[in-house]
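Quick heads-up: structures coming right below.
Shared between the two complexes below is chain A, which has chain B as its partner in the first and chain C in the second.
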Partner chain A sequence: MMILEHRLSTKTKRGSGLYLRLLFLLLAAAPVAGGLLYGLAYSLGLTGALSSGFTLQHWQQVLASGVLLQSLGYSLYIAFTAITLATATALFLSLYFQKSLRNGSLSYLLYLPLTIPAVVMGFLVFQLFTKSGLVSRVAYSLNWIPGLQQFPDLVHDSFGFGIILAHTLMAIPFLTLLFNAIYREQNLRQLQEVSENLGAGKVYFSRHIAVPTLLKTAAPNLLLYFIFILGAYEVPLLIGSQQHPMVSVLAVQKFQRFNLLDIPQGYAISVAFTLFVLLLLSISFKKLQRHA
Partner chain B sequence: MLSIQHIHKAFQLHTVLDHVSVEVPEGQVLAVLGRSGCGKTTLLKTLAGLLPPDAGSIKWAGESINEVPPREREMVYLFQEPLLFPHLSVFENIAYGLRVRKTPEAEVQSKVQSMLRELELQEHAQKKPDQLSGGQRQRVAFGRAIIFLPRVLLLDEPFASLDAQTRSAMQKLFLRLARKYGITALFVTHDVKEALLIGDRFAYMAAGKLTLYRSKEAFMDDPATGVQEELAFWNSIEHNISTNDK
Partner chain C sequence: MLRKSLTVILASAILLPFLFFTVLSVGQSWFYPSVLPQRFTLANWQQLWSGQSELQFGLVRSLILGLGVAILSTLLGFIISKEIALAKYKNRWLLLAYWPFVLSPVVLAIMVQRFFLLTGMSGELIGVLLGQLILAFPFAVIFFQSFWSREVLQLEQQSQTLGASAVYTLRHVLLPLAKSLLLICFFQTFLISWFEYGLTQFIGLGKVKTLTILVFKYVNEANIFHAALASLLIMLPPALLLWANKKFVFRGI
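Now for the complex of A and B:
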């Protein structure tokens, strides 16, 4: 009787595990996969208002024009620069302002920018760095520039200064809090005492122990944040260059044009970008697991 | 010789070290016995420079080292936990002190290999700390501490978290290496047997006060150390066993 009860309860547990997995697939994976399949079908002419059966024409147009590759390259440059600057700043803050972070004063200040939405941050950078913005006016009033027009192009510029700045400012608080949490979890304060006791200075400890430990532990989060910037939409739309749109902006431009024949190209760009991100994630996570 | 004179340390109104004075000749191990909270850890951290004393002097070879920062004191404090650097291999953990001192690579290789042999960890050289057992981790921490031959080794109940068998093996390893390298050490423990086994000289610490004994016999005779109590316990066990056998 006991054995029968045990078998039944094991079966029930297995059954509930299966249902939970199915529910997870239904809620998390199915909508993404569905969207991707719909986009793929649209880009191949299998569905949509003007569909005329299977065709590779839209993909050929997107790939032949080179606009997708240019946009992807530009997005990678923006995301890489922003995440590098934010990581470097956050590392500096979490290593050299440990006391303020521990006591709470700096951590409270860091929570504040986290509440600012991307659109607001975009507007803020726009207000500060356009030719008629606050920084330009201050520079003019201090006679650093002869006129407002002489202020350098920092918004809507080809180098993406505005986008990089906005994303860096948004990422710094998040990464600082992340590094600070890892600092505590990995017991780096005590490891610093050990290192000092073995004869190492603070710079040696930071370079050889703290930074590698923080970066290695935070690597999956850094990768996810990098992908978040890579696919960002609001900030590049507001303060990005018209000639060099980031991938999301490029795709939406195609969707919103008056020419309905451009819509499949928008879907082709979206699908290609999603596949690129999935490839990037799978390669990176495999590498991270190997070095774990 | 390490000379400690009237070291005093208090946290707010609570005195933790009450004018502690002791001398440890070079190459000798001073075993300090004491219960939890008696100030043993504070004494070691003060000597290592990790805590500043309120008063008193610490001298090495007649020269005051009160103002010498911890990284220049050459007095290594071995924590209760091994605290290995998590992303470094066993080899690199042991080599840390040598690399800090910019020792030539060939010398680093030969010294670390030799230390790995001493610690019987050759086959674990490339493993990360999380792939080792508690005893192995403690051996790595010990090797990392002595490889550059510091002036004084300060051991804070380093084997307390190990099982009896591993602990015994570690005690033997410590004794062997301490003799081989002529290590000057303060070995803090709450275990009477360990103190007797490890020490060349003996001290007892209670409520921030340190009593230094002239000899092992004097240490054993003092009721405060608990040695007599321990002996009486084992004698009674032996007596009971022999009575039952009859």
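Now for the complex of A and C:
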């Protein structure tokens, strides 16, 4: 009887375990895998309102027009510039304000910008840096510019100044806190004392010990943040240039047009972007593992 | 001296968005080149608390979604994370949990939109809730991996060896141990939902007007005063919570 009960409970556990794993697959993996397969099928003409059998026409159109490559190049430029600026600033802040970040006011204040989502940051940058924004008004009141026309185009511009600024501002607090946590975990303070005892200056310690350690440890997070900016949607939609859409905006534009023939192209762009990100991740993580 | 000046500049820059949006939210007409709005009024705030304003509904909708997503993903994440932690090919399972984060939320929304259209959940609150779970639930599973250490599993086994039932072990051993992590996970999954825009816009078809959707709507309508108020409503609750208990909520980051 005892053996039977034990078997039953094992069976039930195994059964419930199977259901839990199925639930996990259903909620986490199935939407992405299903969506990717559906998108691929749609872009190859295998499904959808105007499908007429297998075709590479939509992929050819997307690739031949060069619009995807342009958009991808622009997104890479934005993401690379923003993450570089944010990393440099965060490194400076985490090293220069080490004491204040440990116990001072900054240890609390730096968490506050984390409560600003992308859509709000886009709106903030727009209100600050548009021609009639706060910065332009302050510049006018200080007689730095004669009128709003003389204020430079910092929003909706081709160079993506507004997008870069918004993403840099969002990334700086996160990266500063990350570097600060790594600084503590890696015992860099003790290492600094040791290097000072051995005659190294603060600059030497920062350049040859602190910065390389912080960058190396934070590399996976920096890569993931880079990918997050690469797929950004809200900020470029609010303050980006109409002529140079980032990839997510381009994909959505294809879906929102009245021409139904644009939808397979939208799916082709989405699938291509997903594959590009997966490729980038796998190559980068292999390289990171090799250097670890 | 330089360090102090830089600290003051940095602190001012951090507080600027809160101050700026507060001023705009009580403003009315802001013509160039005035640095401050011409008129100040509490009408926007009063509208929020009285009557059936769009912002009030947006706030309630965001709260319902945030709480729903946080409760479901924390609960399911806690239960399922144990199954994944004990799985033979744990890393392969975990890799699947990272999938949704590889994609931009809006690209993910485009991909899964068809499913929601077919099931009639597009444009519905339940559809948006399920859509947001695609992001929040795997996060919770990944988050709780650190909890299921060998020590915790041994404690669970010990409790059951001593005759405690599974429910008793859960209530008196596991839940007290996981209490702080459960709260952090609840807070962070709440924020995933609270800040979400792409999935909400596409699965909700613009009909499920949460606060983030409303910010966009007001910006497009050039209604900067309402957009500022909606932005403040998004930023203030987590900011206040952080201010009150930063160490507790973000412990472990």
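Everything that follows uses one rule, which is that the second predicted complex is superposed on the first by the 264 of 292 C-alpha atoms of A that agree within 3 Å, B and C clash if a C-alpha of one lies under 4 Å from a C-alpha of the other, contacts with A are read in each partner's own complex, and residues count from 1 in each chain.
Note that in this section a residue touches a chain if its C-beta (ideal position, glycine included) is under 8 Å from a C-beta of that chain, and two chains touch if they have at least 3 such contacts.
Predicted, not measured: the structure shown is a model, and the values here were computed from it.
Engineer: Should the superposition on chain A be reported as showing a clash between chain B and chain C, or a fit?
Structural biologist: fit
Engineer: Just checking: does A:Ala28 make contact with chain B only, chain C only, both, or neither of them? Give me first, second, both or neither.
Structural biologist: The second partner, chain C, only.
Engineer: After the superposition on A, what does A:Gly266 contact: first (chain B), second (chain C), both or neither?
Structural biologist: Touch partner of A:Gly266: chain C, not chain B.
Engineer: Is it chain B or chain C that touches the larger share of residues in chain A?
Structural biologist: The larger set of chain A residues in touch belongs to C.
Engineer: Which of the two partners, first being chain B and second being chain C, lies in contact with A:Leu278: first, second, both, or neither?
Structural biologist: The answer is second: A:Leu278 touches chain C but not chain B.
Engineer: Examine A:Gln186 and indicate which partner it touches, taking first as chain B and second as chain C; both and neither are also allowed.
Structural biologist: In the superposition, A:Gln186 contacts chain B only.
Engineer: Figure out whether A:Tyr96 sits in contact with chain B (first) or chain C (second), or with both, or with neither.
Structural biologist: A:Tyr96: touches chain C, not chain B.
Engineer: Mind computing the angle chain B to chain A to chain C from the CA centres, in steps of 10 degrees?
Structural biologist: Apex at chain A; the opening toward chain B and chain C is 100 degrees.
Engineer: Name the contact category of A:Gln150: first (chain B only), second (chain C only), both, or neither.
Structural biologist: A:Gln150: touches no partner chain.
Engineer: Between chain B (first) and chain C (second), which does A:Gly39 come into contact with in this model arrangement: first, second, both, or neither?
Structural biologist: So A:Gly39 only meets chain C here.
Engineer: Taking the superposition as given, tell me the minimum C-alpha spacing from chain B to chain C, whole angstrom.
Structural biologist: Minimum C-alpha separation, chain B to chain C, in the superposed model is 21 Å.
Engineer: Which parts of chain A are in contact with chain B and also with chain C?
Structural biologist: none
Engineer: Spell out the part of chain A that touches chain B in their complex, as residue ranges.
Structural biologist: 186-187, 190-191, 193-201, 204, 208-209, 212-213, 216
Engineer: Sort out for me which residues of chain B touch chain A in the complex.
Structural biologist: Checking each residue of chain B against chain A gives 48, 50, 69-72, 74-77, 79, 83, 85-88, 96-97, 99-101, 144-145, 148.
Engineer: Given the complex with chain A, which residues does chain C contribute to the contact?
Structural biologist: 3, 6-7, 10-11, 14-15, 17-18, 20-21, 24, 32-35, 76, 79-80, 83-84, 87, 93, 96-97, 99-108, 110-112, 114-115, 133-134, 137-138, 141, 194-195, 197-198, 212, 215-216, 219, 224, 227-228, 231, 234-235, 238-239, 242-243, 246, 250, 253
Engineer: Where on chain A does chain C make contact in their complex?
Structural biologist: Within the complex, chain A touches chain C at residues 17, 20-21, 23-25, 27-29, 31-36, 38-39, 93, 96-97, 100, 104-120, 123-124, 126-128, 132, 134, 136-138, 140-141, 148, 173, 177, 181, 224, 227, 230-234, 238, 247-248, 251-252, 255, 266-267, 270, 273-274, 277-278, 281.
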